[in-house]
Amino acid sequence: MFGLNQKDTRLFLIVAAMTLLAPFILNPFPEGTAMAQMFNAGYPDLMQRFVIFGILVIGFNILFGLTGYLSFGHAAFLGVGSYAAVWMFKLVGMNVVPAILLSMVVAGLFALLIGYVSLRRSGIYFSILTLAFAQMSYNLAYSVLGNPASNFNLTNGETGLQLLLDDPRVLGESVTADGSIPVTNFFGIAMRDSFNLEIGGWLFTFNAGYYLAGIIMLISFYISIRIFRSPFGMMLRAVKSNQQRMNYTGLSSRPYTLAAFVISGIYAGLAGGLLSSMDPLAGAERMHWTASGEIVIMAILGGVGTLIGPILGAGFNEYFKNILSKINDEVLHQWLSFMPDGLENAFVGVLHFFVGKGWHLSLGLLFMMVIIFLPGGLVEGGQRLARLFRRRRPSDDDSQKSAQSTPAE
Amino acid sequence: MDAILLQILNGLDKGSAYALIALGLTLIFGTLGVVNFAHGALFMIGAFCAVTLQRILTLSTITIDETQKDFLGNPLKVKTPYVESWFGPETGAAIIDWSVPLAILFAIPVMLLIGYVMERGLIKHFYKRPHADQILVTFGLAIVLQEIIKAFYGANPIPTGAPAAFRGSFDFGSMFGFDPNTIIYPYWRMVYFAFAAVIIGGVFAFLRYTTFGMVVRAGMADRETVELLGINIDRRFTIMFGVAAAVAGLAGVMYAPINSPNYHMGMDFLVLSFVVVVVGGMGSLPGAVLAGFLLGILEAFASMNEIKAIFPGIDQIIIYLVAIIIILTRPRGLMGRPGVMEE
Amino acid sequence: MSKSNFTRRGLLKTSGIAGAGLALPTIFTASSAAAFTNEPTGSTVTLGFNVPQSGPYADEGADELRAYKLAVEHLNGGGDGGMMNTFSSKVLQGNGVLGKKVEFVTGDTQTKSDAARASAKSMIEKDGAVMITGGSSSGVAIAVQGLCQEAGVIFMAGLTHSNDTTGKDKKANGFRHFFNGYMSAAALAPVLESMYGNDRKAYHLTADYTWGWTQEESIAAATEAMGWETVEKVRTPLAATDFSSYIGPVMNSGADVLVLNHYGGNMVNSLTNAVQFGLRDKQVNGKNFEIVVPLYSRLMAKGAGENVKGILGSTNWHWSLTDEGSKTFVKSFGEKYGFPPSQAAHTCYVQTLLYADAVERAGSFNPCAVAEALEGYEFDGLGNGPTLYRAEDHQCFKDVLVVRGKENPTSEFDLLEVVEVTPRAQVEYAPDHPMFAGGSLGSCNPGA
Amino acid sequence: MGILEVKNVNKRFGGLQALGDVNLSVAENTVHAIIGPNGAGKSTLLNCLIGKLIPDTGSVLFDGESVLGRKPFEICQMGISRVFQTPEIFGELSVLENMMIPIFAKRDGAFRMQALSSTAGERDVLEQAEHMLESLNMADKRHMHSAAMSRGDKRRLEIGMCLSQNPRLLLLDEPTAGMARADTNNTIDLLKQIKDERDITIAIIEHDMHVVFSLAERITVLAQGSPLVEDTPEKIKGHPKVREAYLGETA
């Protein structure tokens, strides 16, 4: 189906189903319960983040997973894409389509420039070149290019580029009738529009922005499967495997790596454009090296070079980041209220260090656990689980082995 | 002219810190082949060794002073450090005053131990894993370490002063015949530079003139051959990891009076020191030191008003710009060997 | 199909709908049920405290959070009532707000505008917060203020000192109690003149971002007006940790005052470095060299240690103030937590009370009603003397403190001493002052 | 006029004359071996032939066109294929994929963006690759991870990958170095078969005399950077100069 083989089609349909049903899947607990307060993730902002960062990491995986080139400055493209989209909202109008297209174009051109220079080197030298470009972009965006007092305020510095009432918006209105800044929309459907479905104690939110981003994520995922299974994808894996042989086989590896770099830059720009479409403010922090590091973390967490890994990695990272940081002592007491007082306080005292202001600690430990025990990332975890179940039935290990050289899902 | 001399001094000082961290990173990379993103955290822990010793030395007995009131209007609790009650107020105060230099003695065993535990407990399992995995697991460790420090010491910087004898600054200007006060330089920063020079010299001498060092250097160049000779290179490499941790830690201890230590100071240095290592050339110790000082001095010059007037914002990007130019013109940095970390 | 702009979940918490658990699915519309975003319909109301919990300002954020928890306790009738006893308005009864028990959710801004907005969105969309407050930097405050405007909830700014927050980036749904760069300058200038004379040459080191720029502009304008000369304005990278290469040239420039337009870690390091270079021991132009830190906070003073001694700056509030409001606040905060509150804690506590009071007076949580109740509101007894929430820009006008690092502190909190309480009249400015021009409040947005 | 013409090539490394006035002509459709003791300059010469090194003076012409200064992939596209001392294959890819890549390269040139077409849908390339694997007797290994194969199989695959592009000149750099006897013999048989079945020129740099004398039709002996003699194997065997410089010690 769709030009995919049976296995890929199944994978794609599973991802599609999960994306479309996410409002149900992410809200497993009935509204108003203590579990729901913290663990439910089915609210628009977080759901949007899941799919948008999914797009970002899917793109990154095309570069890193296939060619092995570790870009440590990928967040720069995300940032450039975000700025481009907000500029579109400021100058042209609030429809997200032109904004997203412009972010892809701008990020692609930026990637072409940086990639052309950086790909002259490989290994860690390449990584440091990309890091240096991204840090330069970040530093300039934070200060020199963002001085509101100067005539050349491209990024609005620390606050981030935001919409104002006096922006021109030539194809739309600067101010709505009730005196507000107009909202981002897809041909009239506002990105922040939601409708709520209530079943028993459960509340499910269907958000327009999420579904737009989700569908774009599915398209991106589909394209990434096609790339993985294409001759181009095979050439990229050849780059990772043996550049010497590749060159002596009559293939020029540079255009291949550059193409992969630009494609993943466009993916990042798309993600940036979507972020801005969901929330039209672009901050320079998106380009900081820690943001680039986070992309690498998400890719490796999920499973490098696998199809589904990026989506899992992005989801895992965003989920824990958002959930852990919002738990505070009061919430802990509420959860543990079934315990005797002394025990409750002792537990809260210990857990206190891992949640709220300590969420970095938990996340750091989680990363380490995954990297140490699951070298292949979450995908490997899934495979191990699957194998555990399969062991009970007659094994079909041979077919397993023969499939190994093609990327696992 | 005086402005230039001043910035050279500033650059040497910045360079000292870069060079010390880059040296340790390169030692670890050269011996174990591991890219250690937790190295900045080791620097930070070193600085907190100084903070900890200062805290230990100022552990106090509490007496109530009825004549004074605290902020709630209750009688004021006055703290007297134990060392002052044991050694007398003057000697005690002097010991507290010298807590940073004393912390060197405290930091060496602590850092060697941390280095040893880190290598045996975690890094060892990552020798054969891809560099990206090494980066990620050590990055995770760095986050964990700094969050632990934050949980104990808070996020705010903690002032950790130099001994009174080293406060204030020296007037090079009048010494070299310029106007007075044109080139002033703090005593402690000079101490830091001298200290860095001693440590760097010490590490090089250790590698060059001791048998242990020679074996390690041979192992860095060709691990298999050294192993074939029946030498247990692993154990020596473990020790080198401890040494590298100690170098980072000492750099941190001595840095504490320059800028009040905070839990994220390691991350602030990490990226820059990686740039330094790569500009120096992966695996080259002299390269790391050279690049450290070079980038330190360039950074100092870029912050001069005269230069910023021509290139606004140049001080924000100078290090990265120079790194890009060097890596593009010299494929393996200043002194790197071919084939190291190029795949 | 029903529509809502921002989902609201607080509604369901206690509304008894859960009882109809097995009934047929009902699709309901939030907007038809509610007049504004997250209208509280149950017996509780949720506030969102969005403070830096990680990153360099985490300690300041922790202090803000303490103040918020104290304020919630007092609003719900717990503790000693704190400044509710001294507040000139007496509508708060200690029975929650409009009879609803106050609950809160917390989030981490990370001192990044992106992360702060994400965190605020999660509180609005998921937890049903009807008001967002907090923050420890102007970038974050402006970004979150913009979000609250779009979402239709009230934003009560925490620590934000940039002129822009109530200047060109002001919003109808946003309110600031904290003072700003202009007020710092207006309060400091006369003190600087009386202490250091009017023939001085100033050298500015400025953090190279929005807040730094507005602060530099304000201070330079105020000091130049009294006769000082600005020798040089040097921008320093926000990421800088070592300022030696910026401080070295100061002595070469002929300046005799160094103004550090830095905050947080930048300020701690630049001041430490400046003292290290021995600038304060020097004589230039026959005068003692002086250093000024226009915006002080106790946590920064603590970080810089002994280096702050004798250094002048301004602050919004200090625990050593002796008015009844301040004394009551220090007492209830100090007894609960064991140390005196910071200015960040004070402004956050006051903002929470002011919001609750405005809701009571308006008789509604509707942001537009609350905004109307706050606009032009005169009050007293919250620590800064008689205060006005100006309608034109939602900025509070009140006395400003000029403080100096204390020479002989008696405890680790006793780091600053108040030199002068600059009266409100002296720091007031016209709403259309050039430093605040551009931008407009727009109209209040109730969301939904 | 041979298909490969090396004329007056000189190359110095600092004080060391690595190649001095090398002249060499490889005739079309022959197997030409280049032998010589260690340090004779064999590797330097090879590197000059494939563009990795640029000689100080002289020229290297392939079919009348200079190869100097060209990138490896351009040289390959001209019709020169290279087999390395240690087999260079795409270890992480399957044997079938290894075989498909050179066929794609031959068909599509040095770069072609086919990001959305399916590899599985490239029937002609797949067929050619399958066919090639069958002729190498490797069809049963097509889905194997190529890194997991024996050294002899890797060599077989590498040679097969080169042949799949129908090169006019196949350059082999000590193709049997480090191989077991059986693998060496298999490789010799494979090369013989290739020589018999195809119109192809083979230039081989080799240490192992057994390999050289089993295959070569002409032999150039290199000593101290210069060609000593060039002749047929029979003549080389008896040549006094060669005996003295080289075979004397080893034969």
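For reference, chains read A, B, C and D in written order, and residue numbers begin at 1 within each chain.
Throughout what follows, a residue touches a chain if its C-beta (ideal position, glycine included) is under 8 Å from a C-beta of that chain, and two chains touch if they have at least 3 such contacts.
By chain, UniProt protein names: A, B = Branched-chain amino acid ABC transporter, permease protein; C = Branched-chain amino acid ABC transporter substrate-binding protein; D = Branched-chain amino acid ABC transporter, ATP-binding protein.
Keep in mind that what you see is a predicted model, and the values were worked out from it rather than measured.
A comparison of the A-D and A-C interfaces places the larger number of contacting C-beta pairs at A-C.
In this assembly, the chain whose C-alpha centre lies farthest from chain A is D. Spacing of chain C relative to chain D, judged by their CA centroids, is 74 angstrom. Chain centres here are Cα means. That of chain A falls 46 Å from that of chain D.
Separating the centre of chain A from that of chain C, both taken as means of CA atoms, is a distance of 33 Å. Each chain gets one centre point, the mean of its Cα atoms, and the points for chain B and chain D are 52 Å apart. In chain C, the positions touching at least two other chains are 54, 58, 62, 208, 235, 237, 239. Within chain B, residues 313, 316 each touch two or more of the remaining chains. If you check each pair of chains against the touch rule, the ones that pass are A-B, A-C, A-D, B-C. Residues of chain B touching chain C in their complex: 2-3, 6-7, 9-11, 13-14, 17, 68, 70-72, 76, 150, 154-159, 161, 167-169, 181-186, 188-189, 257-260, 262, 264-265, 268-269, 299-300, 303-305, 308, 313, 315-316.
In the complex of the two chains, the chain A residues touching chain C come out as 30-32, 37, 40, 43-46, 49, 139, 142-144, 146-149, 156-160, 162-166, 175, 178-181, 183, 190, 192-201, 203, 205, 207, 279, 281, 283, 285-286, 322, 325-326, 328, 330, 356-357, 359-360. Residues of chain C touching chain B in their complex: 54-60, 62, 208, 232, 234-237, 239, 241-242, 244-246, 248-249, 251-252, 265, 268-269, 272-273, 276-278, 281-282, 284, 299, 302-307, 319-320, 330-331, 334-335, 339-340, 410-411, 413-414. Note for the complex: chain A touches chain D at residues 3, 5, 223, 226-227, 229-235, 237-238, 240-242, 244-252, 255-256, 259, 263, 402-406.
Within the complex formed with chain B, the residues of chain A that make contact are 64, 68, 70, 117, 120-125, 128-129, 131-133, 135-136, 139-140, 143-144, 289-290, 293, 296-297, 300, 304, 353, 358, 360-361, 363-365, 367-368, 371-372, 375.
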